[in-house]
Structures are given as structure tokens and as C-alpha cells.
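There are two complexes below, and they share chain A, which is joined by chain B in the first and by chain C in the second.
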Partner chain A sequence: MTALHNFLIAQKQANEAAPEWLSSLQQVAFSQLKNRGLPSAQDEEWRLTRLTELYKQEFRPAIATNTLSLQKTLLTPSAGSRIVFVNGVLDTGLSDSSFVAGLAIEPLEQAVISDKLNLETFFNASPPLEQHGFLSANTAFSKSGYVIRISADSIIDNPIEIIFIANNTGPAAWHCRNIIVADQFSKATIIERHVANDTAETYLSNCVTELHLADGSHLDFYKYQDESLDAYHIGGVYSKQSRDSYLATNNIAIGSKIARTDIYATLSAEGAHCEMNGLSVLAGDQHVENCTEVIHAKPNCTSDEYYKSVLDDQARSVFRGRIIVAKDAQKTDANQQNKNLLLSSRAEADTKPQLEIYADDVKCAHGATVGQLEEKSVFYLRSRGVSETMARALLTFAFANDVIRRFHLADLQKQLSAQLADRILGEAASAIETDSLFGEPL
Partner chain B sequence: MLSIKNLKAEIGGKKILKGLSLEVAAGEVHAIMGPNGSGKSSFANVLAGHGGYEMTGGSINYLGKDLTEFNVEERAAEGLFLAFQYPMEIPGVSNIAMLKTAVNSIRKYRNEDELTAGAFLKVIKKKAALVEMKQELLKRSVNEGFSGGEKKRNEILQMAVLEPTLSVLDETDSGLDIDALKIVAHGVNTLRSPDRSMIVITHYQRLLDYIQPDYVHVLADGQIVKTGNKNLALELEERGYGWLEKQVVNG
Partner chain C sequence: MGDSTQELDALVKRKYKEGFVTNIESDTLPPGLDEDVIREISRRKNEPEFMLEWRLEAYRKWLDMPEPEWAHINYPKINFQDISYFSAPKNPDDGPESLDEVDPRLLETYAKLGIPLEEQKMLAGVKGANIAVDAVFDSVSVRTTFRGKLAEAGVIFCPISEALQEHPELIKKYLGSVVPQTDNYYAALNSAVFSDGSFVYIPKGVRCPMELSTYFRINEMNTGQFERTLIIAEEGSYVSYLEGCTAPMRDENQLHAAVVELVTMKDAEIKYSTVQNWYPGDENGRGGIYNFVTKRGACRGDNSKISWTQVETGSAITWKYPSVILYGNHSVGEFYSVALTHNMQQADTGTKMVHIGKNTSSTIISKGISAGRGQNTYRGQVKILRGADGARNYSQCDSLLMGDQCGAHTFPYVEVQNKTANLEHEATTSKISEDQLFYLRQRGLSEESAVSMIVNGFCKEVFRELPMEFAVEAQKLLDVSLEGAVG
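Entry: the complex of A and B
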């Protein structure tokens, strides 16, 4: 028994407000957690992300804190709805969810009681049946989180932003559970941000988001993880897609000490398409593992996965990419690419593509690379008068920006590109700023 | 402008240039032809300062300075330009951002102020028209998804924007159809001036119909074995390189 496990087990308390279906679900999850414990290094699926330090931590439950000292920059200006959680607790003062036609947003604790959204159908319906300890803990302890439902045929123009802020946390742990339901032929963009105020303490954010896409729905989902460098982030994004639905999960990780995020997509009806983009830009002793799984359960579905990492100092990234093509999922078209750029000799990238194909008429492509900047490209830029330092920075930026430009949300794309340029190019970032050039026709 | 004496260079211990001498005066266009593996591209790379090559002998004097004293980017800032045979693709950085970075890097080296957005735009507009480059290609990532002809036109665009004193065109004509060739040649000819020189490396005489050289040299086995005027190119087209190589072997 580790300290963390003991702490979690001690958290059990009767949630009297919860409806019966949820209580029993949580009871089962709690027993699982209690009996099986948290994943260990012996666990094949977890052996590349060492959590020994995390398990030794003495935690206490999260509390809401005074948010007066909050940095304004954490709350990006937003035209759409915004929900803010501080240390895993909903902050109504910072949230802004004025009425938008076709869009229902409810905090989880309310949603389970009002049950306007018929939560029982969706809660825990997208993660795999076999669940690891963190997922069990999330199910067992999730009291807060958000529930979003986009009603049929509704097109929500402005992106919906959900911001999780860690603020003077102390050694706290929280488990948010979020559920997004996109009804038939609806369309929306949702951005989930995980950020930290000035906080140097170890905390654990164990956050699970479920995405349920009905026939013909379209969801563009972003998970932006910029937690404190002392923090642990364990996350999951589990989706289930119905006929002809379209989902993009864009997973950006630049923060945290250790992060492990599971991105699972199940294409459960014909014509569904899933796009997975991922970018980790890490330095120091940061460690990020992204574990992706695409299940092609039915014929004529497509998936396109593109994950990259940029690793400096002794940073490490682990990518697992599993694609499962079921026996009757003929005409599947699945693509997976994982590319890793090492900027230092001490950085490390592990990449594990894993294809399980049981159908015979499918197209599955995958590729994985780990390497350094191409010297030919450095020479090319230098021959144009660009200094070697700048050439390398520019190529590093280009490598990372290559993922950002796949994003569909232009404003976010611009914002992230600028942030990336600042981080990688520093003062030279202005050199590649060309927005002003396109203000007028060429 | 450029005076090369007895240049010797090798890559990974393999001797490539074996005593190459060449004099290029201001305003001149020199064509360098030669069979595969004769060292043409290596010569271009050595001039540009490619780190993979080791210069083992001879001298390169450029505008009264020892060119070998400068690193790659300094050579560019000193006015040397290499149009690549195989231009690199850089997904994630726009063509225009790269050009802006290059222009301002060179201006900084020369202690000139950075160009304002407006001034830069003006230059780009003019030069892009010169090589018939669409605006869309300026916004796209450097060379990504460009056709062979578009890549070569992009090289000439960069050349036009950077306004080099000495340009080295490494097989810029390879892989071009006749229309693209004409556009590229037009771009190059527009840049010709009494104070600018060019070294045009090519496999085919065809390019020299459009870019008329003052001299034609034949490079074989790391040395210039014959020099003539543009008629030499025609002769090579007819007779190939075999007779020259034999001459070299026979002393």
C-alpha cells in the first residue's frame, strides 16, 4: 500500500445526494481501486511512467481557495461560454455560462441530481471496461466536473472553454469527471485548459473527460495541459462515436512534472472519422506519456493520428499508439504517425505503435521516428543568412508548429503558435511574425 | 570578384575537388557543365561553406576577402547565394516568414535597420511577380507540397529578394518543363547586372539558350578541364563528355 493509495481509500464517504445508479457505480469503482490498487511499474501499460515519487506523497483533499490573487492571463478572453474550476471545485464567480441556444452546461454535481441530461446513459459509458486505478479513483470520487450537451442540429459558433486552475493547492488531489454529449448533427468546439497559478507545490489532477458523439455530430475538442512543473496530471479522454460523426481530439502538453494521458476513441458505427493530434514540448525533467487507442469497431471508418514531441534537457516522452481493427471493420482507413525531436543527448523518447488488425480489407499506415534536426535543413537556412542558432530554433518551432497548424480553430492556432514561438525562439519570435504582412492583399 | 586557385576539397576522406581554378569577374555569367560525379554540386556546396566538406588546399578569394574565413550565414550576408538542386521542405514555417527572417538577418549583419512590414511587403510583391509566384505559395510552408518547378521558382524568388552579388545556381534547370524553365531564366536574367556575377551549374545545354553565359567550363574529376564560350556547350551537347575525359586521362 502506498501513501497515495491509503489516502484515496480514506476518502470514501457516502454521497447522499447522488442518485442510486451513481452510488452503485461509485461503489464498484471504489472496490476496484481498493482491491487492485494504483498501477505499478510491474504493470506493462504503466512501466514507462514511474510514479514512485507520486505514490509517496502525503495528500489532503482539495479545497477551494481565495482566487483574488489569480493571474488574469489564466483566464483567456473568450467570446463563448466559460466554466472555471479552481483546485477541482467549480468557481461560479469566474465562470460565465450565459444562455446559448442549443447548449446546456451544468456542473456535474447539479447534473446528477437534476438529471435533465439523462446522465445515467452516458456516465462511464465510454472508457474501457478494464479500468486502471486512476480511472477507478476518478469514478469513485468524482463529485465535480462539467456536463455539456449540445442539442440536435445545433451549431455552437463560439468555443466553449473549461478552465481547471490549480491555485495555492497544498498537496491536494482532485478527480474531475466531465461529460460531453453531442446530439445528432450538432457541432461544437470545446477547449479544456489545465493551468496553474503561482503554485510550487505538488498536486495531483486526475481528470477524465467523456465524449459521446451521436450520428452526424461534429466535435472539435482541445486539451491544453500547462500544469505547474511540480504537478502530476493523470488524464483521460474517452470517446464513443456514432454513425458519420466527426471528432478531433487535440492534445497539447507543455506543463507538469509527470503527465499521463489516455486518449481512447471508439468508432462504433459506420462512416465515423476521428482525428487525433498531439504535441508535447518538454524540458528539464518533465515526463509525458500519451497513451492512445483507436478502436475501429465497424466498417468504413477513418482515423488519422499525428503525435509529436520536442524534448530538451533530460525530458522524456512516451507514446503508445494502439489501433484495433475489429473483424467486421472492413474498409477501415487508419493512419498513425509519431515523430519525436531530441534537442539534447540526455532527452529520451519511447514510441510504441501497436496495430491489431482482425479485418482483411483495410488500409493501416503507421510510422514512428526519433531523431534530431536535419542538418541539411540547418544548412539550407544558414545559406540564406540565418544564424545557426536561429536556424535551429526556427526548425524546432517548425517541427512543433506542424501539429498546431492541423488545428481547426484559427484563433487558438494563432495563439498557440505565438506561445510556441515565444517559448522556442524567445526574443527572435518577432522575426517570424507575419500577420501584419497579410493585413493587406499582396 | 571571385578568384579560386587550385581548390582541393574532400568529404569523408574522399577527394572530390582536385585542384579547381576559376576566375569570375563582376557582371559575368559562367556555366559549369560536366558528367555526373564530376564534383559540380560539391563545388557549389564548398563555396556556400557546407560543413561536411573539408578544404584541403588552394584558396577562394571573394571581393578581396578570403571566403573561407566566413561561416555559412556570413557568406550569405557577404552576398553569396546558392540556389539548391534539391531545396529543403520546412513544414511549419511559412515561406514568407523564412524570407523575412533571412532578409532581416542579413540586414542586421550589414548594420542596416530591419525592413518595416510595409517595405518588406513591397519587395516581396515585386519579386514574387518576377517569378510568377502566387500569394498562396508565400503563405504555405517552405517548399512543402510544392511541385519541382515551384521549388525552383522559390529558389529564384529567394535569390531575387536577397539580391546577392554572386549567385551559384546548382542544376536549377533539372526537372523543369519548358515553361518553368523560361520563368526561372527570366528571373535570373532580370537579376543580371554589371556588378553581379553568376555561376550556373547545369547538365544540359538547353538552359544556356535562355541564360546566355560568358564562359562555359567543363568540370571532370574535380578539375576544370576545358573552358570556352557558349559554343562549347553546343559541342558538348553533340559529343558528350567522353572525349574530354579521355583527354584528361591521356594528359
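Entry: the complex of A and C
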């Protein structure tokens, strides 16, 4: 038994406010966690992400001491409603959820009691509960989180922004569970940011978001993970799509010491489309694993996946991408690309693109590359009088920015591009017209 | 669609052409496995003491090993005590000197396979080249030809049991040096009970004067066949080795757990080609061979090369990952594979390329064809270690699906620890498109020949790596296996 497992087991306490259905579900999840424990290196699905150090941590429930203000850089310029969690607990002072027609936002603890949103149908409806210990822990201990429901035919113009800030003293762990329900023909953009205050100490953020898309709905979802470099982030985004719905999950990872994010999409009715974009820009001894799975359960669905990583120093990125085409899912069109750029000889990229296909009339392709910058391209820029450092930085920026250009939200795209330029080009960025670099959105 | 479904049914019901049993009396050990059985195998083969110790060591380790379950295949648990671990045709000691002395029924067996020794000789006669055949009939080699000619060149090509008598120092040095006893469950089992196999040693600077070839055949009820092949290519040498197998019809599953080890020194090259057509079981998945094979090559010297080519059309279950460990700088590993599954066949096959030396390169071309209710999985690993500067890999895995009940899966594992490495992986899955079929049909080709042409085109990149005789056989095999299979 590891220290973390013991800590989690000790967390068990009766959640008296919870309705019957929730407490029995949490009971099941708890016994699963207790019996199966947390994933180990012997687990094929976790073989490449070693959590030994995390398991040794002595965690305790989070206490916030430092006062916080939201920094300008954290915010999306065009954001409308905003919900802020500090150490996994809702901070009403920083949140701003003024009334928007067609949009209902509630903290999880309220939503389970009021049950205006009929949470029972959606809670834990898509993730495979028995998948791994962290998911069980999340289900067993989730007391906070957000619940968003976009009512039928509503189009929410401004993006909804959710910010999880770590501001803990002493090692702490929290488990948030978020649920987004997009009703028929609704449309919304949601940005989930995971960030830390400079003074935050080591912590574990175990955050699961469920997306439920009804017929014809449209959801543009961003997960921006810039946790503290001492932090562990275990996260999941599990979606289930109905007929003709559209989902984009954009997954940006630049922070944390070790992060593992599972992005699962189930296309459960005809005509659904799912887009998955991912970008990890890592340095130092950062380790990020992205594990994606697209399940084509019904015919005539399409999916397009595009994941890239840029790795410097001893950073390591692991990509697992699985496409499953069920027996009846004819006319499926699934595409998956994973490209990795190694900037240092100590960096490591592991990629496992997988196809599991049980139908014959399908078009499926996956591709994976690992490599360094092409000398020819560097030479081309050098021949134009660009310094070697600058040439390499520009090419690296272009490689990464390629993913950001696939995002639909122009404001966010611009912000992220600028942030990326700042990080990769550094001071050199100011010497050139950065605006001209970003290009028009695709 | 109706027509093609019927044709597919016809395909599914096709009887295994090579299904027959030749009655030759054999010395078979009763089923079961313990240390005494291993001692008995070793005693019968008159092996040196070190070999018995090595076998027992492997056996003891095997007892503690768990059976692997990670492969994408389903089968009932194997009872290792139900298998007989030794079966030898009568009088193995006075092996015939020429074809005339060979048991006529054995020759008949080969004739039924469509690849008899005579045809081999004839083919060789026409081309002016000779193919030496170390024919393994069940577990003991009964015939070895062209020994003289090979001996002239200094090449050793003999059954491994004979090599143990005559060249124990080579066996001691190399056996288990590429695939250790405890490498995996089936390799450990093989190490403990292997009955025979081929041994090839190509001395320094020698280009083997002919292509070496072995035909394997399982011929005794309930006999697991555990071959062990060891090929060593010394500095600057070259050898091309062919292996082909078919097996008679059986109702009970037969286990086949072979181990093949290849070693190449500086500037040496080994080309290893396989056509595998073991009995695949009937349309309900009854019977058929379990083919759990460990094949691995080590490019020990600089500029050395190992190339695996395989055409897998048989076996109920194929579990096989021919690998190359690239130690030497500038060494090259290649893997070309066509795997076909139909009826209830399952294949989990692929390769493993481990880049250790600088500027090493590897190529993987895998073509999977699934028909009927077949499940075809490509599983391959490319690992580039920290020191492998300038390593290069290209992988391409294509799957062709025929029928709506089959499956095609791709599980590549790519691990890169060196930034100068350059690596590409591509995979596609498709069915034969109506457009392609229509084009060929309107040119007057029957549906069958159109499909055959498309399939052969799909596999061309692999077939052209095969030696001529094998390419012909492979093409024939695919044609027969896929008659009328239009999804």
C-alpha cells in the first residue's frame, strides 16, 4: 500500500448531503479503489508513466493561506461567465456567473441536491468507472466541481471560462468532477484552465469532466493545463455524442511535473463528428501522457485527431491514441496524427497509435512521427540571413503553432500563440512582428 | 453483395487442401512434462551434459513464469500435460543417403504439399542453383542433402542435434545468446523441450553458395513441435534461409512453439524467409495449430543486416514477432510481412526493432488481410535508445478487410530517446473499393481474378522480397485462400 493510497482511503467519510443514488455510486467507487488500488508500472496502460514519487507523497486536505487575485494573463479576453475553484473548492468571490439566457451553471454540491438538472442521468454516465484507481477516487471523493447545462436551441456567444487554481501550503490533493450537458441544437464554447499560484506547493489535482452532447449540439471544449512544475495532474475528459453532434476537445499541456490526461470520445449515434487537438510543450523533467480513445459505435461518424509535442531537456511525452470501430460502424472515417519534435538528446517521445477495427467499409488512418528539425529548413532560413538560434526557434514555433491554428476561438488562439511565441522565441520575439507569425485561423 | 456473400461462404467452407495424415511408426513419448521427460529427450538425443543442464534450468524457470495474456487473441487454456514432447520417425540414426532411400510415404507427403524435394531439385536444375533441404519430419531431421557442397564452402548446415555432437562449442557459445531461456513463456518451454531444428554456420567471408531451406511438418497426433533454429553469419558472410510449413488436419489444437536465433557479425547479412501454412482449423474454429514463435536476430557487428520476410496464411493462432536488435553501427533491420486470417483464424504478429548502434536503420512493411471472421493484429515496437544517433525507422502497416465480421487492429509502440532519430509510422485500413473492382471487371476480368490481382498488388512490396520459389508459392497460397472473397 502506498502513502497516497492510504491517504485516499482515510478520506472516506459519509457525504450526508448526497442523495441516495450518489452515495451508493460513491460507495461502489470507493470499494473499487480500496480493492484494486492505484495503477502501477505493471499496468500495461500506465507502464510509461511512473508515479512512484507521487505515491510516496504524504498528502493532506488542502488549506489555502495566500490571498489570490486573477492575473490578466489567465483570462480569456472574450469570456462571459467565469467560475473559479481554489484548491478544488468553489471561490464565489472570484467567480462571475451573471445570468445568461439558455445557460445554467451550478456548483456540483448544489446541483446534486437541487437536482434541477437531473444529474443522476449524467453523472458517471460515460467514463468506464472501473478503468483505473484515479477515476474511482474521483468518483468516490468528488464533492465539488461545476455543472453546466446549455438548454435546447440556445447559442451561447461568449465562452464560459472555468479556472482551477492551486494555492496550497503543504502537499494537498483534490478531486473535482465536472459535468457539461449540451441539449439539442445548442452551441457553446467552454475553456477549462488548470493553473497554480507561484507559491503553491506540490499537489495532486485529479479532475474529471464529462461531456454529454444531445442531437445536433455543438461544443468547443478547451483544456488548458499549466499546473505548477511540482504538481501532479491526473485528468480525464469523457464525452458521449448523439446524432449529428459536433465536439472539439482541445488539450494544451505546458505545466505540471507529471500529467496524465485521458480523453475519451464515444460517437454513439450516426452523423456525429469529433475533433481532437493536442499540444504539449515541455522542458526540464516534465512528463506528460495523453491517452485518447475514440469509439465509433455507430455508422457514418467521423473523427479527426491531431496531437503534437515539443520536447526539450529531459522532458518526456507519451501519446496513446486508440480508435475503435465497432462491428456495425460502417462508413466510418477516422484519422489520427501524432507528431513529436525532440529538441534535446535527453528528451524522449513514446507514441502508441492504435487501431481496432471490426467493420469493413471504413476509412481509417493513423500516422506518427518522431524527429528533429529538418536541417534543410534551418539552412533555408539561414540563407535568408536569420541567425541559427532564431531559425530553430521559428521552426519550433511553427511546428507547435500548427495545432493552435486549428482552434476555433480566435481570441484564445491569439493569446496562446503569443504565449507560445514568448516561450519558444523568448526575447527574440519582440524583434519581429509576432502578429505576422500567427497567421489567420484555419 | 448477395453474390459475394455466397462466394465468401464458399471460401469459408473451403477444405484445407493439405489435410492428410501419413502413417509412419514413431517413437513417441507419452503426453506429459516433468524433469524426467526432459532427461529422456536429452538422453535419446545423446546430448552433452551442459545441454541437459541448460534445458533443466529453462524448465525450472518456466514453471514460475505466468502465461502471457496481453496479445489480442482468444483461445482455451492449453494443458501442457496433454502434449507429447517427443516424436521421432523410426530409425533416425541411419538416415538415407539419397532420395531413393527415403521412406516413400514421406516423399508422398511432400508431393501432396505441392513442394516436393523432386520439384525442388527440378527447379534447382532449371536454374542451375541448388537448394539444400534439411527436412524436419516431425521432430527429428531425417534427411540432409548437399552437405558436401556446403562443406566445401565451409558452411555448416545440419540438424541442431547433430551440431550438438559435432560442434558443441558453437552451440554453447551462441544458443540462448539472442533469445535467453527466460525471454518469454513459450521460449522457456522451447528451451526445455526443443526436439530439433536447424543449425547454420557461415564462416568469415563466405557467401553461401545456395539458398538453405527447411520444411517443417507436424505429423504425429498431439505432438507439440518445438524447433530451435540457430544461424550464425561470421564477418562478411551472407546467407538466405527459407522456411516453409504445412500440417495435416487435426481436431485437437496443436502447439507449435519454435525459437529462431540469428547472429550477424561485421558486414554479414542474413535473409530469413518464411511461408507459414499450418492447419488453420475448420470454419468453426475447431482444431488448427497454435503457432507461438519467438524469432529474434542480433546485428552484433557494424554494417550487418538481418531481414525477415514472412507470409503467414495458416495456423488457428499466430503469435509471432520476428525482431532485430541493432547493436552494430550502421546495421540494418528489415521486416516484411503478409498475414492473412480467415474463418476463425487469429493473428497477433509484428516485429520489434531495437536501435542501439549509431546510424542504424530499420524498415517495417506489414500487410494484414482479414476475411471471414478472422482477427488480424499488427503489434510492433520501435525502440531508439539514447546512444543511437542518426537512427532511422520507417514503418507502414496496411490492412485490408473483406467481409463485415472480421477485424483488423494495429498496435504500434514507438519509444524514442534520441533527438537525432528520425521515425515515421503510417497505417491505413481499407476494403477493396468498388471502383477498383469495377475498373478491372469492365476490362473483362472475373470478380475472382480482379480480387486476386488487387490483393497481390496490395502485397507486392512484401512478395518482391521473397526468393523466387517462395514468391510463387506465396502468391498461390493467397489466391487459394481468398477465392471470391469480396466484401
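Simple rule for what comes next: the second predicted complex is superposed on the first by the 410 of 442 C-alpha atoms of A that agree within 3 Å, B and C clash if a C-alpha of one lies under 4 Å from a C-alpha of the other, contacts with A are read in each partner's own complex, and residues count from 1 in each chain.
Here is the rule we go by: contacts are C-beta pairs under 8 Å (C-beta built on N, C-alpha and C of every residue); 3 or more make two chains touch, one makes a residue touch a chain.
Predicted model, so just to flag it, every value in this text is computed and none were measured.
Within the superposed three-chain model, A:E348 lies in touch with chain C and out of touch with chain B [touch as defined at top].
Once chain A of one complex is fitted onto chain A of the other, the partner contacts of A:T52 are absent, as it touches neither chain B nor chain C.
By the touch criterion stated above, A:V386 is placed in contact with chain B alone, chain C being left untouched. By the document's definition of touching, neither partner reaches A:S98: not chain B, not chain C. When the shared chain is aligned, no partner comes close enough to touch A:Q42: not chain B, not chain C. Once chain A of one complex is fitted onto chain A of the other, the partner contacts of A:F397 are limited to chain B, with no touch recorded for chain C.
Contacts of A:A368 after superposition: chain C is touched, whereas chain B is not reached.
With the contact threshold set out at the top, not one residue of chain A is in contact with chain B in one structure and with chain C in the other. The residues of chain B lying in touch with chain A in their complex are 48-51, 71-73, 75-77, 81-82, 84, 87-88, 90-94, 96-98, 100-106, 109, 117, 120-121, 124-125, 128, 135, 138-139, 141, 158, 162. Residues 44, 48, 327, 330, 340, 342-372 of chain A touch chain C in their complex.
By the touch criterion given at the top, residues 374-377, 379-388, 390-391, 394-395, 397-402, 405, 431-434, 436-438, 440-442 of chain A touch chain B in their complex. Residues 70, 384, 386, 389, 399, 401-431, 487 of chain C are the ones that touch chain A when the two sit in their complex.
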